[in-house]
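Note sheet for the following structure.
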Amino acid sequence: MSDFFLIMKQELAVTAIIFFLLIVKIAGKSKNVEWLPWIQLLLLLNFIGGFFFIQSGTLFADMYHTNGLLAFQKNILSLGVYLISLLCSDWLKKSEHLPEFFLLMCSSLLGMFLLISSGNLLMFYLSLELASIPVAAMANFDLHKKSASEGAMKLIFISAFASAVLLFGISLIYGATGTISFDSLAQVVTDNPLQILAFVFFFTAFTFKLSVVPFHLWTADVYEGAPIATTSYLSVISKGAVAFIFITVLYKVFAPLETVWYWMLVVLSVLTMLIGNLFALRQQNIKRFLAFSSIAQVGFILVAITGTGVDSMASVTYFILIYVFSNLAAFGVAAIISEKTGKENIDEYKGLYKTNPFLSWMLAIALFSLAGIPPTAGFFGKLFLLTAGSVKGNFWLILIAGLNMVISLFYYLKIVRAVFMDKNENPVEKVLVNGYAKMGLVICAAGIILAGLIGPLYDYIRELITIFF
Amino acid sequence: MTGSTIIFYLLAALTLVSGVLSVTTRHIFRAAIYLLFTLIGIAGIYFWMQYEFIAAVQIVVYAGGIAVLIIFSIFLTQQAGEKLPKQKMERKIFSALAVFCGFALTMVQVLQHEFPVSVAPVTSPSVNDIGRQMLNVEESGFALPFEVISMLLLAAMVGCIVIAMREKRENLNTEQKNIKRIPNDT
Amino acid sequence: MTSPGLEQILFISAALFFIGMYGFFTRRNLITMLMSIELILNSVNLNFIAFNKYVWPDKMDGLFFTLFIIAIAAAEAAVAIAIIINLYRSHQSVDVESAENLKY
Amino acid sequence: MNNLSYIALIPLLPLAGFVLLGLLGKKYFGKAAGIIGTLFLFISAALAFYTAYQYFSSGFNGVYQPVIAFKYTWLQFSENLSIDMGLYLDSISMMMIVVVTLISLMVHIYSLGYMKREERFSTYYAYLGLFTFSMLGLVLSSNIFQIYMFWELVGVSSYLLIGFYYDKPSAVAACKKAFIVTRFADLGFLIGILVLSYVSGSLDFNTMIQTLTQPESSTLKTAVASSFLGVSAVTWGGLLIFMGGAGKSAMFPLHIWLPDAMEGPTPVSALIHAATMVVAGVYLVARLFPIFAITTPVVLEVIGWVGAISAVIAAIIACTQTDIKRVLAYSTMSQIGFMMFALGVSKYGGEAGLGFTASMFHLFTHAMFKALLFLGAGAVIHYVHSNEMKDMGGLRKSMPITHITFLIACLAIAGFPFLSGFFSKEEILLAAYQHNAAIYWIALFTSGLTAFYMFRLYFSIFWNREHLAHSEIQTYKKSEGPFVMMLPLIILAIGAAAAGYIPFGKYVSTDGRPLESHFDLSFSILPVVLGIAGIVSAWIMYKKQNPLPDKLSSSFGALYKASYHKFYIDEIYLFITKKVIFNLIGRPAAWFDKNVVDGMVNLTGNATQWLSGRIKKFQSGKLQSYTLLYLMAAVVMAAIIIYVWK
Amino acid sequence: MNLLLLLCIPLITSLAILPVRSRAMVRWISLFGSVAQLAAAVFLFFAYNQERDTGNTAVVLFEDHFKFISNPEINFHFGVDGIAVAMILLTSFVLVAGVLVSWKIEKMTREFYFLLLLLALGAFGFFISLDLFVLFFFLEISVIPKYLLIGIWGSGKKEYAANKLALMLMGGSALILVGILLLYFNAGHTFDVLQLSHTNINGQLQKTVFPLLFIGFGVFTALFPFHTWVPDGHSSAPTAGSMFLAGISMKLGGYGCLRIATFLLPEGAREYANIIIILSAIAILYGAFATMMQKDLKYINAYSSVSHVGFSLLGIGMLTQTAFTGALLQMVSHGVMTALFFAVIGIIYDRTHTRQVNEMGGLMKLLPFTMTAFFIVGLCSLGLPGLSGFVAEMTVFVGSWENADAFHRIATIAACVSIVVTAVYILRAIGKVAMGPLFVNNITKGMESNSMKDATWNEKLALIILIGGILAIGIMPEWLNKLLKPSAEMIMNRFTGN
């Protein structure tokens, strides 16, 4: 039984936090804000605890399994959640429903954990729903904002739609193979037309969650409408978890269909990078901008996935880790500014450096990392993605990816330019950054700088993957 | 043509016709009622297939739960006697086309596929079996999904409470502070 | 008319699936869109049950899948309705086209 | 002659002067800068004379062997090709260092007076030092690339000196023009070097001449065989190298910079644009003479004709110019033309090499009298503050020393018997007469013209009007110039008178063997008579103010006008550079860059932006459109995979 | 000599100035750091020569290995050959000069020096790296400092220029990246330059990768027609930025073209040599003619850079040892020269607040020191003997002439023609700015008593350092030649197969 606790310790820890929050909500009388540091502490403990007593194993028949790699990936997600709790503390403090927000976020995180640990289609589906339904509620947390309810509405409807399509696909797979277990599916999957059809329907669920073009259309609207805490959660954590399970499913379960999904990925990755970039070029709202930029980033992830299992898993895991730092730092700065001044427009960021040098540098570092420019870790992240993607020798794809990096640099620089170079009569006033947010930003910046320069990190990830993947 | 066949086709006709009516009628209450019919029709098909437990759950959860939920929400949001807004013809045509293509593709594939003929005897699962498996942690047990569902329902409940029971606006300014969207047609 | 079996049921479910889709695409009222989603989910359920009965009767995977889908559908519907109600409060409408401000 | 490395001091001392004065001059030396510079040069000149004396006095068996006194690898290109810095001593380089140091010293001394009011006095001396260094380096070069380097350096020092009065726009234009025109010619020189070095496999003069003058050598055979546009590689090389020489020596049609170069201070004109730098082209041809004479006679022919044409054209133009320095400039060009065609009509070896000797001889004497003329003109300009003939006249009384020395120089250049110019010119004419009759007649005509325009100049300055219009000048000026200005005039006048008596043929010849003297008085009659005729006609026309010149000019009409406008060659160049090169190449290139190349880059950016604007309608904000697209994409993807791709 | 020192000094200096508040302190620390770096570079030079003199004929000296990542195998593999030593010397010279001329920068001083040092760090790292990935890393490091330097401290249409520069360089990097990955996956799974040079890379691959690498690096070094970032970038950058851009950054590309692309892929180079020659001959002439039409001093130098860098590329395309040496000499020479040119322009601009040649004249009278430097750099640019430009250009010409066929001949002659055109535009600029009647911005009167002061001590020092570099190469070229030639020979051996 102790094995059970150790194997599922991360899930159990999150569950414990959920119940703690529930009790806080039900029993707590005082203002909820006071609980924020404690919640942050718990999330930090959750993150740190993830590194100890890691045990591999399978539970509930084949429905749940975990190992060092998955534990590491879960830790990345925990870290992300912790950082969000730090970075968005301003917003959270004002929120009337602080424990509920964390409850939902932790539920969703639990869903993510189970998602990447899932061993059959049922668990996959359920944990995907567990991961996404609370997010829809989270998206609506700015209760009085019209755009928030619009975003939440779009998210819940389109994810319901997507899961319906997914379920249809699963039902056909089940009909064609008679099993929902990943292990046995891997034995029986073949490329007959019905299975391809079913697989494509199944596949769209991932592309939807990852916001791959043309299944990405919800992304920007939802990101823009939702509170930044939710947006950053959606863009980083949710995407990361789905990317992990995506690779597992493709290489472990649907390996026989590799020729099918390989070309799908190639085409979709090109489309995603290109369309994401083209849309990002013209955005004015920083959240919307980051939405499209994250779509373009996903294109690069797809490029990596076209490689081999080990390579793509290693590079994507590494990339997601860096992406957590970079994207959260960018969202963090946006969150602070938006919360204090209500400004979310890139034009309004002009002359930010004059008044807020710290935030400006943080934003710049984050954006450079997103653009993949050294010495930030984003450079290594991108490079390993592309290296992984070129294993099969499809260098045209790499070339297109490289050129897309140029386009992406253009719009990242647009913000840098606004912040550092453009003059503004009426710049963002001096913003007092609270300690938590500052700490969060510093952690992110340190991560951005160090994660790339510490070579053994990648080696470590790769080693995990060669052992466990 | 046996009686069972006739019943099946009647059920099928009920399901599909009320399904179509449910998505086309312009009276929202009628749509809800047609939806109810469809759900009942499907429950009927479950009965027909001798999956009584599922049929029962279908009637309890869908016909009894979700349909009522929907009808209540219609009460909340709809003025009586109001017709539903019309959709643009263009959208209808495109949708019909896409849907038809999807349907055709699916049917062609499904019909072409040779499903293996089952060798095991067709038995309807007993409620007993279902219950035992539901809470079993061993092979072919569904305890974990059960727990997951419970967490999901908890989260959904909390979410619904937060969203639907929003308090009185304390600060009217929040509305003004809404994002000022600058049209970016440049 | 042949005696009904797997193919007929699959036809019903597929038809229902795409009828639901059609509704989802063309209905402007959010509640009716939610109804369409329910139709779609029902068609999937039907699929699972049919496959379980006619093709893979040795295990009850399909049946359980259906059960869980029903549960999730309920949860999803609840959250969706909560969001719709909230939207109705801020937009004074449940028309999907009233909520198209976030674009481009 | 044992340790010869002291010879390196000859060029290095002026360099030291340049560095010293250039870095510290203004601040620390002030007016003493001139003395310091002169002192450096004096030592250098003394060394040069000593060296030359040693060299010529101890010729071996009548053959003056070239000696390489010093050699240092400056830049190793490849195994065979390297730029060496060396000191190459032979008769012509010895002669040249004497000329260069002597004239330079004279100019240094002269400038002490002439330039003393200049604010940038020390800079001036620094530049003079730089020039002298470069010129000495040039004449002592042992390596063709070395000569090219110093060639460029004299070019730049000439540029600096012409542009010395840098706030005068005309001076700025002139120095620019001088540099660019000679630079253009140097382009030919450079390519010529590349060609010759490639065919000979060496940059060293000795090796190069050896390989290229042995008819049996296989390298030469292949070099002659390989041809471009029907002309062999060696010939191309020779022609291109001559192009460099022609540019520097202001040969037609690359002469246009020389008259403008008179914008520089007059002593500089005397040094650079009369005596030394402009004869560098002649020196270059003389340096490579064996190659020209033995391997590529065609080029020699070209050299001869270019020289002759330049001589006559310049003489004609000189007759009509009114700026005294310009007259002298054209006369310089004309005289260098003489030297050029003398080389052109010469052959290699023995008595046939008379032209070579004559050319060098003329170079030597010309340096004396032309420097004298310029310095004299400088004194005149110093006195009247004008370059124009119309501001002068009747100066013979107020400037007696200048008058006498100027007269000596004029007589010498006109070939008046028993002055230096007479001997050298007679030799040239003789050489031409022996080998190329056409050139001989041209030369004869030109020498008559020379006498005419020189005396036109002389009479206009010193006679013509008895009383100066500028009466105030006479009241201000009592003396014609300080002693330091008169001394060089006197020394040079002695030189101009006596240099002809040096037995040049003994020392300088194509193959190092002394030439026998062929002095035949009867041959001289015709040129001398022509010369005197020229002098007389000038006397008639210009001794007193009279309407004759105007009449004559109007009777010549078009020719006079053309000559006055220097045959419109400047305008042609201007047209080519301004209109053709600027408008047809430069402007389009700049336009192309701005619009096409840059445009492509901007277009890519704009196209991306445009595309991004086009596709925005997909993001319509309509939930149902999103989902519709979702379904369609899924169905289409599945259909493609199932039906098309499989 | 431990090469890490070369990375540590700029790194430590740049980090050291971050917490410093006082402007003066920042300046002095930067100066100290850059002088230390220069000392290290000079020491490296002597150490290298000494090592070679003792008969060490290894391809690179002072090798160092640090494991970075094991799969894909990436190591910090450092080592220098003669080329790298020369480039490091050049970079440190320009660094010191750049720090000195920026003394007066008041706007965000700390950030300015930080970025400057970061840029230098990238260059140093690039030159000592022997691992393609690490090399690429360092190459990319320099993009952001450039962007910010131009964008924040620049002038004119700086945002446009900065954007263009960053994007074009990034585009070049994308090509390099693909090239590197192609090599990695098809030639033995290694990024190590030395290992790759021992690997037998098949011809088809070479022909595919070479253009990628060459164009990629070519963008950095203003290969025609990818040069358009040069004029805008250079002219908008602050003085030190321009100096770095032209003096160092463009050399990164040239170094990459020769030391990486040509060295690793001789067959590819042979395949495309003629195209390189055509492009570079066009660049040389076209750049020169385009310069003729420019009126802005910085544009003049920028376009002339395009022309001058063309000589480097021409030398590379000629595929002879002498031409390679010439190309390298040209890189070093152009680096010093153009840095000096920009320094002079910066000083002029500081005084006159204009860079239009038509708006000033006769500055010799007011700024004799600066104008003397201007003369020297102009003369160097037009290839005057005794200054560095001559040495480099002549070596390229002689090397180019070793190819005996008409095509190479015509290309060489075309390149030679540019020395005349260069003379035209340089003398025009000098004539307009330094000579003629004194005026600035159409103010003619009272200029003599103008408060315009000649170069201050820091500027003088910077100019003297760079002039010293020009003269050192121009008067005694053999030391540099000796340094570069064996390395050029080593590259050439790849072609002759020794």
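Per-chain numbering from 1; labels A, B, C, D and E assigned in written order.
We take it that contacts are C-beta pairs under 8 Å (C-beta built on N, C-alpha and C of every residue); 3 or more make two chains touch, one makes a residue touch a chain.
Note that the structure is predicted; figures quoted are calculated from it, not measured.
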| item | value |
| --- | --- |
| If a chain touches chain A and chain D alike, it appears here | B, C, E |
| Set of chains whose contacts include both chain C and chain A | B, D |
| Relative to chain A, chain with the most remote C-alpha centre | D |
| Chain pair, most C-beta pairs within the contact cut-off | B-C |
| Most distant chain from chain B, judged by the mean position of its C-alpha atoms | D |
| Chain closest to the middle [Cα centroid of all protein chains] | E |
| Chain centre separation in whole Å, for chain E relative to chain A (CA means) | 42 |
| CA centroid of chain B to CA centroid of chain E, Å | 68 |
| Interchain centroid distance [CA atoms averaged], chain B/chain C, Å | 3 |
| Gap in Å, rounded to a whole number, between the CA centres of chain D and chain B | 100 |
| Numbers and ranges of chain C residues touching at least 2 other chains | 10, 17, 20-21, 24-26, 33-34, 50-51, 55-56, 59, 64, 68, 72, 75-76, 79, 82-84, 86, 89, 96-97, 99-104 |
| Residues of chain E whose C-beta touches two or more other chains | 167 |
| Chain D: positions in contact with at least two other chains | 605, 613, 616, 619, 621, 623-625, 627-628, 631, 634, 638, 642 |
| All pairs of touching chains, each written as two labels joined by a dash | A-B, A-C, A-D, A-E, B-C, B-D, C-D, D-E |
| Sites on chain E touched by chain D in the complex | 164, 167-168, 225, 227-229, 231-232, 286, 289-290, 292-294, 303, 321-322, 325, 362, 364-365, 379, 382-386, 390-391, 394-395, 397-399, 401-402, 404, 406, 412-413, 416-417, 419-420, 423-424, 427-428, 431, 434-438, 476-478, 481, 485 |
| Contact set on chain A toward chain E in their complex | 368, 373-375, 379, 383-384, 386-387, 390-391, 393, 395, 398-399, 402-403, 405-406, 409-410, 413, 416-417, 420-422, 455-456, 458-459, 462 |
| Touching residues on chain A, where the partner in the complex is chain B | 15, 18, 22, 25, 59-61, 63-64, 96-97, 100, 103-104, 107-108, 110-111, 114, 122-123, 126-127, 129-130, 133-134, 136-138, 140-147, 152, 172, 175-176, 178, 192-194, 197, 224, 282-285, 342, 344-345, 347 |
| In the complex, chain B residues that touch chain A | 105-106, 109-110, 112-113, 115-116, 137-145, 148-149, 151-152, 154-156, 158-163, 166-167, 169, 174-175, 177-182, 184, 186 |
| Chain A-facing residues of chain C, complex | 10, 17, 20, 24, 30, 33-34, 37, 40-41, 43-44, 47-48, 50-51, 55-56, 59, 61-62, 64-65, 68-69, 72, 75-76, 79-80, 82-84, 86-87, 89-91, 96, 99-104 |
